[in-house]
Amino acid sequence: MQTGFTNQDFINFLIVMAVLGVVFGWAYATKRMQKDFTTTTWVLIPVAVAINIAIGQLVLVLKLPVYLDSIGTVLVGVICGPWAGALTGALSNTVAGIIFDPGWWPWIPVAAAIGLTAGLCANASFFKTWWKVVVTGFLIALVATIVGSPIAVLLGGISASGSSLITAFLLQTGRGILESVLTTNFIVEPIDKISTSLLAFAILDGLSTRFLARFPHGENALLDQQRKTSELVIAVVIVVILVIVTNVFVVPLLNQ
Amino acid sequence: MNDRLSFYRKKNSPIHTLNPFTKLTLTLALIVIGIVGGGYWTASLAVCLAIAPLTIFSKLFGDYLRVAFRLILPTAGFMFVMQSIFIPGGVTELFRIGPFSIEVETVQRSYLIASRIFLMVSAFAFLLLTTHPSELMTDLTRRGLPPQFSYVLISTLQIIPQMQAKAQTIISAQRSRGLDTESSFMKRIGLLVPLVGPLVFGSLVEVEERAIAIEARGFTSTRVKTFLHDIPDTHMDKIIRWALLALIIVALASKIWLS
Amino acid sequence: MAIVNLQNITYKYPLTETPALRNITLQVEEGEFVAVIGPNGAGKSTLCYTLAGFVPHFFKGELAGSVEVAGQESSQSTLHEWVLNVGLAFQNPFNQISGAKYTVFEEIAFGLENIGVPREEMKQRVTDAMKLTGISDLADRSPYSLSGGQQQRVALTSILVMQPKVLVLDEPTSQMDPIGTREVFGVIRTMTEKGMTVVLVEHKVEWIANFADRVIALYEGQILLDGKPGEVLTSDLLVEKGFGISRYTSVARKAMKLGLWKRESLPVTLEEAVEGFTR
């Protein structure tokens, strides 16, 4: 029988889904999830989904080489916690699947993982200065790649997005499908997710403390004192190091 | 934009009167059977022999075709072509286009993936065409889904058209002031801020009042909820659901033992 | 017996220095129609939120003193139980649409579904409430397709239908024309005759003079005046502190200085002014 993908690909997918499942199950069972869902959280989520979709469309109009369709997800993750962030991501893709193109549905776990990561980083006080936000953006990209690549492989590695051209090129050079997909994502994702995080940070910076206090984790977005130029330099250096480290160590490790 | 947000078409058909949960089960059953149920043609057969007749039965075949041609076929077709061309690994060469060789195996593989995606989306299109989202959510809430999920999904579907309208207004306002979406890259990045700012801050400040408004109407009440609309759940519905469940089990079992 | 009993309320929002309400002590009788006036920042909305339980349950912050409605203490209750005592509708109608419903009828039933009212009773109550506020013909429309004034009526009906003991309204007619405003004041009058207690924040002083039983003037978080509409609305203190007052009162006050207004009390409404000037 033809399955279109190897058993190993399917097992990779199952492992990633199982890890996500365990994380959410644990949070639910220990009531960590429930206390973040206040009424303001429930009201913010639809607004954040609408922000995701509206900005995603604006970016298309402006023909920028990024997606920026997770700003709302990151926003909710930071001020309402990881679980609300995950729900926002999942809901965004569900709704985008209904109104634009069902091709969004397979990526629901990725969108959820983005919100989750943003929330976990913010809870660890990693959304308070420019360079920390950059690191958070990078971690989000990393998680999105780890969750997304097995799904991309199951779908054949090539979708309707522009980045598939890179994957196609890598495939033609004789690389394996997982390696090609991973490499593509490592090129595209960090740029997109770091920009997304920085924009979310800029938005939170513009909101009043009084407004932020309405949300369960509003304090996550209160800034540390900082010197802006040196922070930016640190941020850039960290990005470069992170990119080198992952390309030298993580990619070969995953491909073994 | 507005009408695209709800696929639902009101018709007087036996499918429309089915319980929404039954239709959801049917949708999931079709997907599971089409994908795990063995053969090469299963997914395509499920579309032709189950979904197409069902949409005819619901007097929505025309609407289904329109959805299929506008949404699903382009995506699935594009993937089929791209994958046939780019994924290497076949043995039997069919023909060549420039540097790319097209092999029988990759075409088969791409067909399988594309037809499964087509099935998945067709099944959901059938569900959304025949079931009003609020009806589905009400029924799921009645069955134990936390009511907040119903709130969050329905209000998302209602907010998006307004947000898109706002985005459109902002874009046209900026266009009249000389916004040029064809200008240089750096300029276009610079444009993002004046476009995104008003949109985001405007909708965020509303959140507090909207939360107060629904709290004032007992949103967090711990009492047992009641429902304005009665959504019928007949014996027929229950029989259909059990039958579908049995079918899913048979499909999964045959997949495990026969392969 | 007083149904609303505020004792020495002082309240500070989180992260603020100056209190929004200071030493407010206030009793409201059952079935009374109390209007609250005041310049911007006087604490009118905060007073509404306090009565409706959102201070302190939703806004947090420091609340001193006691808020009692129908013998219950707000700080001892939860917000979702408190809304059965005190209903709140406020100014911006657009933000009061729940978003969870597709028609006006369903929208008004939303609160009743949440508090578990049986279906038949729910339908009856929604139908009655819509008839009362004159929006029966909007039942099948989408709440988002309505005008601002119509949305305000829907918001008011959505709270009325829950039959709270005390109804708190924060500028519920801001987007209505005079005809709509007259109808809403008529509805409030009807409700108070049925025993509901109403606290209304409103700028339209002429309407207050015609309908309210009592007026409270708030200034910088404190009660400045409390009394009959005719007395409070014509007080010289209001002019001094920059309250919005009736143009008929201003005219008559000037006329009084010129000796053209012979009566002792000043008018608030057109009718009173006409009567005073002609006789």
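Think of it as A, B and C in the order they're written, each chain with its own count starting at 1.
Keep in mind that, in the parts below, a residue touches a chain if its C-beta (ideal position, glycine included) is under 8 Å from a C-beta of that chain, and two chains touch if they have at least 3 such contacts.
Since the model is a prediction, treat every value here as computed from it, not as a measurement.
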Neighbours of subunit C that also touch subunit B are A
By C-beta contact count, A-B versus A-C, the higher one is A-B
Starting from the mean Cα coordinates of subunit A and subunit C, work out the distance between those two points in Å. 46
Between subunit A and subunit B, the Cα-mean centres are separated in Å by 21
Hunt down the residues of subunit B that sit against at least two other chains at once, touch-wise. 151, 155, 159, 162, 206, 210-211, 214-215, 219-220
Among all residues of subunit C, those touching at least two other chains are 99
Could you pull out the residues of subunit A that touch at least 2 other chains? 46
Could you please specify the touching residues of subunit C with respect to subunit B in the complex? 49, 52, 54, 58, 79-81, 83-84, 87-90, 92, 94-102, 105-106, 109-119, 122-123, 126, 144, 155, 158-159, 162
Tell me, which parts of subunit B touch subunit C in their complex? 134, 147, 150-151, 154-155, 158-159, 162, 206, 209-230
Subunit C to subunit A touching residues, read off their complex: 13-16, 60, 99
Subunit A to subunit B touching residues, read off their complex: 1-4, 37, 39-40, 42-47, 49-51, 53-55, 57-59, 61-64, 71, 87, 91, 94-95, 97-99, 101-103, 105, 155-160, 164, 167-168, 171-172, 174, 177, 199, 203, 206-207, 211, 214
Mind pulling up the subunit A residues that touch subunit C in the complex? 46, 209-210, 213
